[in-house]
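What follows is subunit A paired twice: with subunit B in the first complex and subunit C in the second.
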Partner chain A sequence: MSGIDVDLAVNGLITGVFYALMAIGLSLIFGILKIVNFAHGEFYMVGAYAYTLIALALGVPVWIALPLAFVVGALLGWLTERTLMRPLYAGYTSWGLMRDEYAVIVTFGLSLFLINFVDKVIGPYAYRGPPLVETSRVVLGPVLISGHRLLAAGIAIAVIAVTAALIKWSFWGQQIRAVSQNRLGASLAGIDTAKASVIVFMLSGGLAAFAGALLSPVINASPDVGIFPAIKSYIIVVLGGMGSVPGAIIASLFLGVIESFGAVYISFQYRDAFGLILLMLFLLFRPQGLFGEKGREV
Partner chain B sequence: MAGLLRRDMLGVALTVAAIMLPVAGAQAADPIKVGVTITQSPPGSVVQGTQVKDGLEVAAKIINDAGGVDGRKIELVIEDTQGLPEKARAAVEKLATRDKVVAITGEHQSSAALAGIEVAHRYKIPYINTNGWSDVIREKGYPEVFNPGNYNSRVGAAAAATMKELGVKRVVSIAENTDYGIGLAKAIGEALKKIAPDVQYKYETLDRASKDFLPAILPMRANAPDAIINLMLPPAAYIMMNQLYEQGVAPSAKTWLYDGSGLADYPDFWQNVKEAGKGMLVFGLYHPKMAQPALGKQVGEAYTAKTKNEPNRLLFQAADSLFLIADAIKRAKSTDSGALIKALGETKYTGTRGEITFSKDKGYAFNQWLDVPYVTFQLTEVNQKVGDSALVSQAGQPLDPAKLWKPAK
Partner chain C sequence: MTLVLDKVQVSIEGVRVLRGVSCEIVERKTTILIGRNGAGKTTTLRAIMGLLALDGGDIRLDGDDLRKHPAHYRARAGIGYAPEDRRLVPEMTIEENIRLPGLALNLDKGELNGRLEEIYTFLPQLRDLRKRPGGGVSGGQGKMVALGRALMVARKVLLLDEPFQGLAPALALDYARTLGELRKHRPELALLITESTPALLDAIADRTLQIERGEISEQAGSPRTENVAV
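Here is the complex of A and B:
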């Protein structure tokens, strides 16, 4: 393996970690609510702006601005669930009764609203978030990486691990998994499915916003910055298996590395196409993804 | 009976005249509608769209405060294209058919302009291309399309001359995958072949919607060129510059960074690039130290009073676009399309940047103001204003590399 290959592998894995942080929230929402949130990228965008403006305009230290961005994303998730999503399934215990195509329209509308709202209120200009560390270059053998990118990747891994642990072992995590498996059954067992939905939307919004904040020194905040994480997240959720958190993590790393090597050894022009080609192959030969279930409740 | 009829006829005629007179008066005072297509929402460059809108509004105010054009005020009818060709096409269609504008201007993205001029050509309506740099816009040879703004061949020649004077041997352009970016990358290659055939040149096209350019930059770190030319627009350009800097590629002791996209006068430039912009050489269409006609100074001051921002190149290009339309209406004494196109073709007008005339040569020179003024300057400090930057050379003047700032090894 040459020096550049090591460089590509490391950078690909780091990119994959960021993809995972973006995609887990989307995967969770699909797992619980069985809908695709088309405004997911805009939660990322709001987090990037929240972190940057809190730190730059208010002068708040970056280590406080970072969790505050998570809180802003979580609050936006709560607001979205209570005002836009709840009316879609209120009173229904089975997803078969719910008109989930409305959710597509509602979240798509929310996405357009948020992009244009930020464009008009904050302005069209891009903002670069302040880095967590000022070290611009860290040398690790053949790999040269910015200090912020390295630290951000470490934080992203920690956040992903904590999220996975919470879902697996915490009280609310177990309830979320129960609702994910069978909403009616969970409801009959006394689980508050509406509350589970709120928690998932808040967690999803918070994680996407946190990813936006963490990456804002690398990918400058702008009104349309959410389009990129949204598209990557949709691909990852399908590759990993819809609703599967471990699947989303593995698919993210896989996609990051494939894109990194493909961009150099095939063409940078087709970098974003590699994910779409993988998506088509999976839909043809393994539509349930890496860890997904073969069928859906009807 | 005949007398009675004559009296009745006279009465009717007087009544009609009495009704028509105020109408005729109102028509004379009706505003002249000028259509504007700009980007006001993503994914196109909203920053550029905002600067163009400001420039047109400043120019419209100057014209209207001076009594308008033959007593009629200028009214701007603005359409958002989002920088998308299909939206630009629809916008021009609407402006021409529903709003009945006398001319269209404002477009600042080549891909959108290329779509818009097709419709303008079909309706034979004057189209002043404010900032579409692609040579293809001119090469179409449409008589309705006039270009008082910059063009790719001009930047290509300027960039090639700078590379020659820097004495570099290997040059890489990083271009966005648009008509503008690819066209300009090719124009630089053509110009280098003519004036510096020994220079090895290649260009990489990158997706402007992409957010991570590391895989394209890593191979450059292993084998760094002598100069990298940026042909991308924000926000992608900022991300790319930051990654070039983080990887130690450029600006560096080995590699110059040259900007052919006019990034430095964007209001958000320094906030987004910081150290990555220090040392960058810039192809500039505006610098406060450039010689400028009185109208340019008036527009610059009005813009600063309106927005509290420093003047920028797009402000002047946009203002000139509208001044040219007003000048053509005055000379044609009509808003008829054919008369306006003829008058525009005969333009000899001192605008905000100099005396504008349109060449009739074929190819990229068609209906183009060939002598668009430009300078080369270098940013030598972080957060440096364009006015404080080092003016390295003006159009046609040689550049002395020994006087340039370069990072230490």
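Here is the complex of A and C:
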């Protein structure tokens, strides 16, 4: 591996880490409600705005604005679950789920609403968030990274590690996994499936908003900034196996690296298309994804 | 302890499936619910578990109106249910599946381990399977696991849906022996077992109810009261 390859690999992995922050939440939501949240990118957008505005307009230190962005995302997730997701299962007994286009329409509607709401209330201009550190460039052997990006990646890795550990071992993490894998079985075992889905939405919204906040110094947030990261997340969730958290993390890193190399060795203009090509290949040859189950109900 | 069903009506997909089911499931008794395929046995159990909305009627556990509570409340109230289609969590081990209700109910460690040991004593096969994933056991083994999981919470009522269906004769015999043991060790339990073939459960039945097209009647001739071995 030459120096440039090491640099590409490291930068690709870092990109992948940010993808993972988004994709984990999307995957968890799919797991627990078997729906695709088409407003996921807007949680990210809201996080970027929340961080930027809290830090710049209110003058709050970045280290406080960052966790606050998570809180804003979590609140938005909570509100979304309570108001829009309830009908998916409320009238359908506690284990059944509505099986029609409701979720597609309502999450898509939420996405459009949030984009336009931010556009009207805050304005269509791009906002740039304050970086966490001013160090412009860090040189690590052949690898060149901006100080903010390196720090943000470190924080993201820590957050992902904590999230994965919580899902694996915590009281609610275990219950969430049980509901995802067998909703009725979990309900019989005494698990409050409604509460599990509220927690998932809060975590998912918080993580996506956190990703937006961490990247706000580089993405120049505008109301539609969430669209591309959301599309990447959908691709990742399919690649990783719908509903699998480890799968989502690995697929995120994989996509980050592929894009990073592809942008240099194949085409820079087409870098956002590699994921879609990968998606098509997976759908053709391994539709269950890297870690997906062919059937999750027993 | 009494679980009362009072004129329970349930519809599935707009079709009335239970048309006024009334019965009492009482402590220390094994009640068998017999009915043909499609008679409404599973629907009755699901209604008790809060998995289906009632059109009318009442379900009460010692006067506590279960309609007011979400489905997961049943486990907390001491009602265990082993569904005919098992419903295990595939990526958790058998032991994790059995412990799951204990986790959800936030039982303390000592209590949880005590119950687990008790379950392993009743169902020693489960001890050998405990490291296997929930998705990696046979249908018959899965029934045993579902029974174990139900026992984790069944302090008052245990509902078993066609426990013998699809079991090999040896395994069915095992299961029947286990139910006999259970009666001895947990005399206070109210047991409700559904079956489509009555013969299998004759030996352990205290009461037999017949369900036909969504209505229950007490079966004449078979009640053998007070044969509860202590």
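Note that in this section the second predicted complex is superposed on the first by the 288 of 298 C-alpha atoms of A that agree within 3 Å, B and C clash if a C-alpha of one lies under 4 Å from a C-alpha of the other, contacts with A are read in each partner's own complex, and residues count from 1 in each chain.
Note that a residue touches a chain if its C-beta (ideal position, glycine included) is under 8 Å from a C-beta of that chain, and two chains touch if they have at least 3 such contacts.
On a predicted model such as this, the values are computed, not experimentally measured, just so you know.
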For this session: Give one of first, second, both or neither to describe whether A:N11 is in contact with subunit B, with subunit C, with both, or with none.
Result: first
Problem set entry | Which of subunit B and subunit C A:L150 touches, first, second, both or neither | neither
For this session: Give one of first, second, both or neither to describe whether A:A194 is in contact with subunit B, with subunit C, with both, or with none.
Result: second
Exercise. Of subunit B and subunit C, which one touches more of subunit A's residues?
Worked result: B
Exercise. For A:Q174, is the partner it touches subunit B (first), subunit C (second), both, or none of the two (neither)?
Worked result: second
Problem set entry | Touching partner for A:N220 - first (subunit B), second (subunit C), both, neither | first
For this session: Please indicate which partner A:L184 is in contact with in the superposed arrangement: first for subunit B, second for subunit C, both, or neither.
Result: second
Exercise. Looking at the overlay, what does A:A164 touch: subunit B (first), subunit C (second), both, or neither?
Worked result: neither
Exercise. For A:A263, is the partner it touches subunit B (first), subunit C (second), both, or none of the two (neither)?
Worked result: first
Problem set entry | Partner chain in contact with A:I122 - subunit B first, subunit C second, else both or neither | neither
Problem set entry | subunit A partner contacts - residues on subunit B that touch it in the complex | 41-43, 46-47, 49-50, 177, 204-207, 209-216, 218-219, 221-222, 234-235, 238-239, 242, 245-248, 266-268, 271-275
For this session: Please name which positions on subunit C make contact with subunit A in the complex.
Result: 49-53, 70-72, 74-76, 81, 83, 86-92, 96, 100-101, 103-106, 134-135, 142, 149-150, 152-153
Exercise. Which bits of subunit A are touching subunit C when the two form their complex?
Worked result: 91, 93-96, 171, 174-175, 177-178, 181-182, 184-194, 293, 296-298
Exercise. In their complex, what parts of subunit A are in touch with subunit B?
Worked result: 3-4, 7-8, 11, 15, 115-116, 119, 124-128, 136-137, 144-146, 149, 218-220, 222-225, 227-228, 259-260, 263-264, 268-269, 271-272
